Amino acid sequence: MSAAPGSKGKVLLAYSGGLDTSCILVWLIEQGYEVLAYMANVGQEEDFEAAREKALKVGASKVFIEDLRRELVEELVIPTIQANAVYETVYLLGTSVARPVIARSQVAIAKREGCTHVSHGCTGKGNDQVRFELAYYALDPKLQVIAPWRIPEFYHRFPGRNALLAYAAEKNVPVSQTPSKPWSTDENLFHISYEAGILEDPNVTPPKDMWKLTVDPEDAPNTPERITIEFKAGKPVRVTNEADGTDVSDALDLFLYLNTVARRNGVGRIDIVENRFIGIKSRGCYETPGGTVLRAAHIDLEGLVLDREVRAYRDEHITPVFGKILYNGLYFSPEGDLITKMVPLTQANVNGSVRVKLYKGTLSVEGRWSDSETLYDMEQSSMDVQGDFEPTDSDGFIKIQSIRLKKWGATIQQQQKKY
Amino acid sequence: MSAAPGSKGKVLLAYSGGLDTSCILVWLIEQGYEVLAYMANVGQEEDFEAAREKALKVGASKVFIEDLRRELVEELVIPTIQANAVYETVYLLGTSVARPVIARSQVAIAKREGCTHVSHGCTGKGNDQVRFELAYYALDPKLQVIAPWRIPEFYHRFPGRNALLAYAAEKNVPVSQTPSKPWSTDENLFHISYEAGILEDPNVTPPKDMWKLTVDPEDAPNTPERITIEFKAGKPVRVTNEADGTDVSDALDLFLYLNTVARRNGVGRIDIVENRFIGIKSRGCYETPGGTVLRAAHIDLEGLVLDREVRAYRDEHITPVFGKILYNGLYFSPEGDLITKMVPLTQANVNGSVRVKLYKGTLSVEGRWSDSETLYDMEQSSMDVQGDFEPTDSDGFIKIQSIRLKKWGATIQQQQKKY
Amino acid sequence: MSAAPGSKGKVLLAYSGGLDTSCILVWLIEQGYEVLAYMANVGQEEDFEAAREKALKVGASKVFIEDLRRELVEELVIPTIQANAVYETVYLLGTSVARPVIARSQVAIAKREGCTHVSHGCTGKGNDQVRFELAYYALDPKLQVIAPWRIPEFYHRFPGRNALLAYAAEKNVPVSQTPSKPWSTDENLFHISYEAGILEDPNVTPPKDMWKLTVDPEDAPNTPERITIEFKAGKPVRVTNEADGTDVSDALDLFLYLNTVARRNGVGRIDIVENRFIGIKSRGCYETPGGTVLRAAHIDLEGLVLDREVRAYRDEHITPVFGKILYNGLYFSPEGDLITKMVPLTQANVNGSVRVKLYKGTLSVEGRWSDSETLYDMEQSSMDVQGDFEPTDSDGFIKIQSIRLKKWGATIQQQQKKY
Amino acid sequence: MSAAPGSKGKVLLAYSGGLDTSCILVWLIEQGYEVLAYMANVGQEEDFEAAREKALKVGASKVFIEDLRRELVEELVIPTIQANAVYETVYLLGTSVARPVIARSQVAIAKREGCTHVSHGCTGKGNDQVRFELAYYALDPKLQVIAPWRIPEFYHRFPGRNALLAYAAEKNVPVSQTPSKPWSTDENLFHISYEAGILEDPNVTPPKDMWKLTVDPEDAPNTPERITIEFKAGKPVRVTNEADGTDVSDALDLFLYLNTVARRNGVGRIDIVENRFIGIKSRGCYETPGGTVLRAAHIDLEGLVLDREVRAYRDEHITPVFGKILYNGLYFSPEGDLITKMVPLTQANVNGSVRVKLYKGTLSVEGRWSDSETLYDMEQSSMDVQGDFEPTDSDGFIKIQSIRLKKWGATIQQQQKKY
């Protein structure tokens, strides 16, 4: 399983089938490596078999295509939903969640196949180089990483697309005839991202035909669609749609069904400027159809069933930290390990169902209930029923709270300060 | 200005013109107080003059109607937007923001008029009793508060609406002929809330005719509407709508215009279960039309102009704290004072404009720009242009970040743990 | 097991043997209750048998004396040390940690004995009333609490010590002949507190003879004493003292030995002003001999073995929260439950030994090592050895970190601002 | 003012007079630069004039010696004390606080003298390279930095001390005859650090003669010394010592006097393992005599005068963040700018005096008072005096707090869970 004689060693290249990684594949062979191609199926639209053939044609000694969709949903997407994790208030971390499963699978195959190196086609300005490499290093500290877009002899040789095309022509690398879009994308079953190209001007409105996953809200059906999502311990366990009789409970199927419903109703688009890990600001557009619905439903249910202080603790001390860990590629790290163990501790009581309406890009919760949880108490909540509540207690509650406020107010008055 | 001879003193009652506070007014007189009625115009739909007459008719010695709309917008709503403050992820604090201006104005008038007491009609289970009273005590530690709904002889005498109606009849208190709605509301120019009554079952979908401020998304126009909001130091300073030639820059006018646009496009509804300060869970439905738009635009602009770490600091250390302070009625407190002084420190660079599209309940940002801020750098951000960026630097960045991860990864491997 | 006929029910009174709770015991009987006396042995200096006799003499129908020392150490003290929990930077929570075990044991006996009520002698201004009662209510929501010092007919009848003495004389309650100290104390094996009386003036230096647990540093031995503390998973598992051959490993014995060593060397005194839960400022003096040593050693070891980000997470998100939960009596609460489950997740690698020197009130760490943990790497740390470290990597690390700083610096320069 | 013809430009080198920076000075000239030497007087023990002569002798075209002691105390040390800033619970940031003033002064001179480059002698593994360079880049984004210990041709040429000595001999660089210590130090008026060499083994106890600033506690006087420190707005404004009649109020003098007292009483030593910014663990010993006293007194006074919630906010949201910013060299950054503006907002009421006793390494507060602040209220605090406090209020306070705990407790019971 060791590399061919004379070789600098075996490299497992994260391969996409596109122009960049095809040229990298050839270039690595040129540098004296044996190259094995690695592709992850994380739910993106892709002709994997065509990519396999292309990899072999341009010189890969082996090709691995791994279906990681289930582990992506079960190990990354669902914990992200449980934690309500988000980056900078609005970004649902669609690219970030896929990186750990891809890197872990790539490292495992590299180990099995005796590769001393792994490689990828990420640029030197983005987040993904960091996410992949920090994961590689944490998972196998001895692995060597080849990042051609950060190697001067590579990036000086290929200053732009034309240089790559010329190289491809010279090396007989097949090139797709589809004209390239004026932006780049990254897709998985959780989301698709659009960035670069014409989007670099943050005031350019994305063209209508850019959005790929979701229908334009204006073109969505004129009647709302309603579904019910059931959670157990904060995990979605069942989605039903009475109108069409849908009833799914497998984690992957359920997630794909949520995608379908959200896509056709135009739910899940955002357009933002974010701060990359390396400190550069960047504009991105994202579609996260099913994830947007799931997140909203989960947050809603927590209102019904989570204790106030547990919710507040999670919101302040887990949600933003987990978001940052995922965004910065630190899922495989001591802190990533810690936080992923903390999330389930907050979710034991997140049991119940949420009724959601989707309509032309809007998403609204129409009701929720829980059969097992009892923190919400209709009678206690009622303004009409007194229950076992003694209104005079509130008197003492307020009076005691006011002790330090009165002291402070008196000080202010005395010092003739003004609000 | 002292109370009439034989009186227990003067009470300034927060008066709404409704059945409850009218009966409280009469009851206070019955208890031996001189009662002055106080009404705050915070933008709610109300016939203030009718209420004035009613107060006088039932025995108020004076009536004060204060227009607090501008200070509500300038001192509370805008700082809330600047801080992106929110309670429990989703509630925009619409009721909370009005309480401080109302309490402050009521205390000022009480002081001026020589009142020894203030009173209100809040129940003993809600947040508003706490918000009003903590503000009263902080602003004037010597004021006495009369909260009839927490006084046993009052609440035992009036166990329900019928007892109040009987008392009103007995005392010649005019009663509105409009049948009361099966929920209660609180309205100001920022929002309206609906709670109690049929809404106490969290799985009951609110009836279509409950929503008062916003058009049902399904009934909203079939074509989107587009506006541009300009911010200076995080404050909205101008809203334009090219389609109809609108161009407003006064803070109050601008906010009211945003309400108009958001209302007609069905933007700003939520339906949630929240945790009250006193620890009871409660279901509430809210409409916050203009505020929803303003908040989204402000968050978007910050992506373009705020430094990453300043944004993160604010998000983690100011946003949730300010939200909790407002919700719990602690605006007038040492910590409220501190946090409101901190907010502007984070907003100096929040200068620029955001283009927003509204359509059938959806709200989307279509672009943003800033003439003065330069942290976003199109060239630096670009994946095509190298600028003064040296890709090899990322190598060192990643390698140094990986030092502790490799140590940890090696430990894990050695201990034969598994991810 | 139900109360005697004619009785208002059985009350389990937290009894100390002192004047207050003896009078309360008699008063409760006078009110028509059957009273059972409950005493917790949490390591305080106390003649439990004398107290038992006294309780029976003044009318208790039963007396329970529970030895809670081991559970106090194992369930409360050690987790507190693991979390480095502290309140307001300096207070080691010595009173707070004892309350949960006492309340839990009292509730368990109340349940077993068919008591419908529990009672205590805490005043209405302090923290302990809150700590006990919140624990009672969480552990058994149906229990009724009798807090005489908050019942007007009790506290008006006994406005001061003399009234209690007169009542004691009238009711044949034996009274200790020892003159009472001009401060009050609370003691357990973790600490002793002094407050009230002459200490209420925060500028009064406590008299030398107040301090009971520790020798005055000036009177401590003139030669240092050295011990070694070994931790496993953040828990102390062995203490050795080569000088005198001590070698203890039982959790309780080990803790008591640390107390002995710290006491004779004058370690563990503080004198502070703190903020009580109810919002009143209060001055307290505390001695926490063994706890002070254990905490310092634990913090030191974490420097050697804990990952930086795990340590930072714990320091920012667990340590202060746990401290506040303990101080405010919320150990038995949803958030207390959550945080106590989180603590051990951070301690898996806290394995190793710390060498500590004690001398006349000072406490210093002289060295530490770990046989199992490897994050500290002498070669990597070395300024002389390069190891597998490439100095040029730091170049990229710094350059990338500087991207956003340069942008910001340029903006500042351009706007002619000044630092 | 431009560089000499044929020169690669002018470099302003941070020069210490030692072997390393003297060799760097010569080497930079060898590389074709004109070198100006920069020395900062931050209170370290140093023969500045001898160093000046040496710099000129080995080829510096100019030498600058800047007295930064006052700005170090006023702009960095005091705000650090105000914020109670600390890194990893115990490190008082002694090295970190000096870096911003040094870097700022060096950048200002570089600008004035037309230097295109700055240089320093920091190694590639430490924190100081990062602290200096991030400050340089933020203060003047166009400055070029030369860090010889990260340039392969430099560090390969000088792999150890012997190579530097040989180079010094060859280039006639005078070398100190004092044998070098088996550790390295960094000193300023706030502290001295010891690291590397024999200290790299974290279990080696530092030799008694290593500690330079403070007397060994065992050799300190046998009688305690007492001083009083007065603060205004959180800043020390006066220190008095009745025993010897000292009374100082100038910020710099006052700080130097605190150093004197603390040094002779053996106060301020620590020995820790910390986590460097670049992720390597490192052992350091530190003496921070005056700073240790000042910090303890400041924390104590805050107990008396700061509102509970302001203190908690500062402790959780400012203290650790400021510590991390200083440690990581981000004082000149958007977040550093923000946090330094926040600190004074928390200190307005920190007015009063603290009485401190120093004795053989121990430091204890013996009393404190404030003439202007009134949050501490002896009567309110008193357990004997009722004041305007109504004990029944605590009833309501506790009952309301218990609402959600009872709900939770009932749930636990129902689910037959156990604590």
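A, B, C and D are the chain letters, set down in written order, and residue numbers restart from 1 in every chain.
Rule of thumb we're sticking to: a residue touches a chain if its C-beta (ideal position, glycine included) is under 8 Å from a C-beta of that chain, and two chains touch if they have at least 3 such contacts.
Everything quoted here is computed from the prediction, not taken from an experiment.
Note on chain C versus chain D: their Cα superposition corresponds to a rotation of 180 degrees, in steps of 5. Taken over every residue number at the interface, the positions common to chain A and chain D amount to over half, indicating a same-residue contact.
Distance between chain C and chain D, defined via averaged C-alpha coordinates, is recorded as 32 Å. With centres defined as mean CA coordinates, chain C is found 40 Å away from chain B.
Centroids of chain B and chain D (each the mean of its C-alpha atoms) stand 43 Å apart.
Residues of chain C found to touch two or more other chains are 275, 278-280, 307-309, 330, 333-334, 375, 377, 380, 389, 392-395, 397-398, 400-401, 403-404, 407-408, 410. Per the touch definition, chain D reaches chain C in the complex via residues 84, 88-90, 104, 123-126, 129-130, 133-134, 137-141, 147, 149-152, 155, 160, 184, 195-197, 200-205, 217-218, 224, 266, 269-275, 278-283, 299-300, 303-304, 308, 311-312, 315-316, 320, 324, 330, 332-334, 337, 355, 359-362, 364-369, 375-378, 380-384, 389, 391-395, 397-398, 401-402, 404-410, 413, 419. For chain A in complex with chain D, the residues that touch the partner chain are 307-309, 349, 373-375, 377, 380, 389-390, 392-401, 403-404, 407-408, 410-411, 414.
Contact residues of chain D toward chain B in the complex are 275, 278-280, 307, 309-310, 313, 317, 321, 330, 333-335, 338-339, 341-342, 345-346, 400-401, 403-404.
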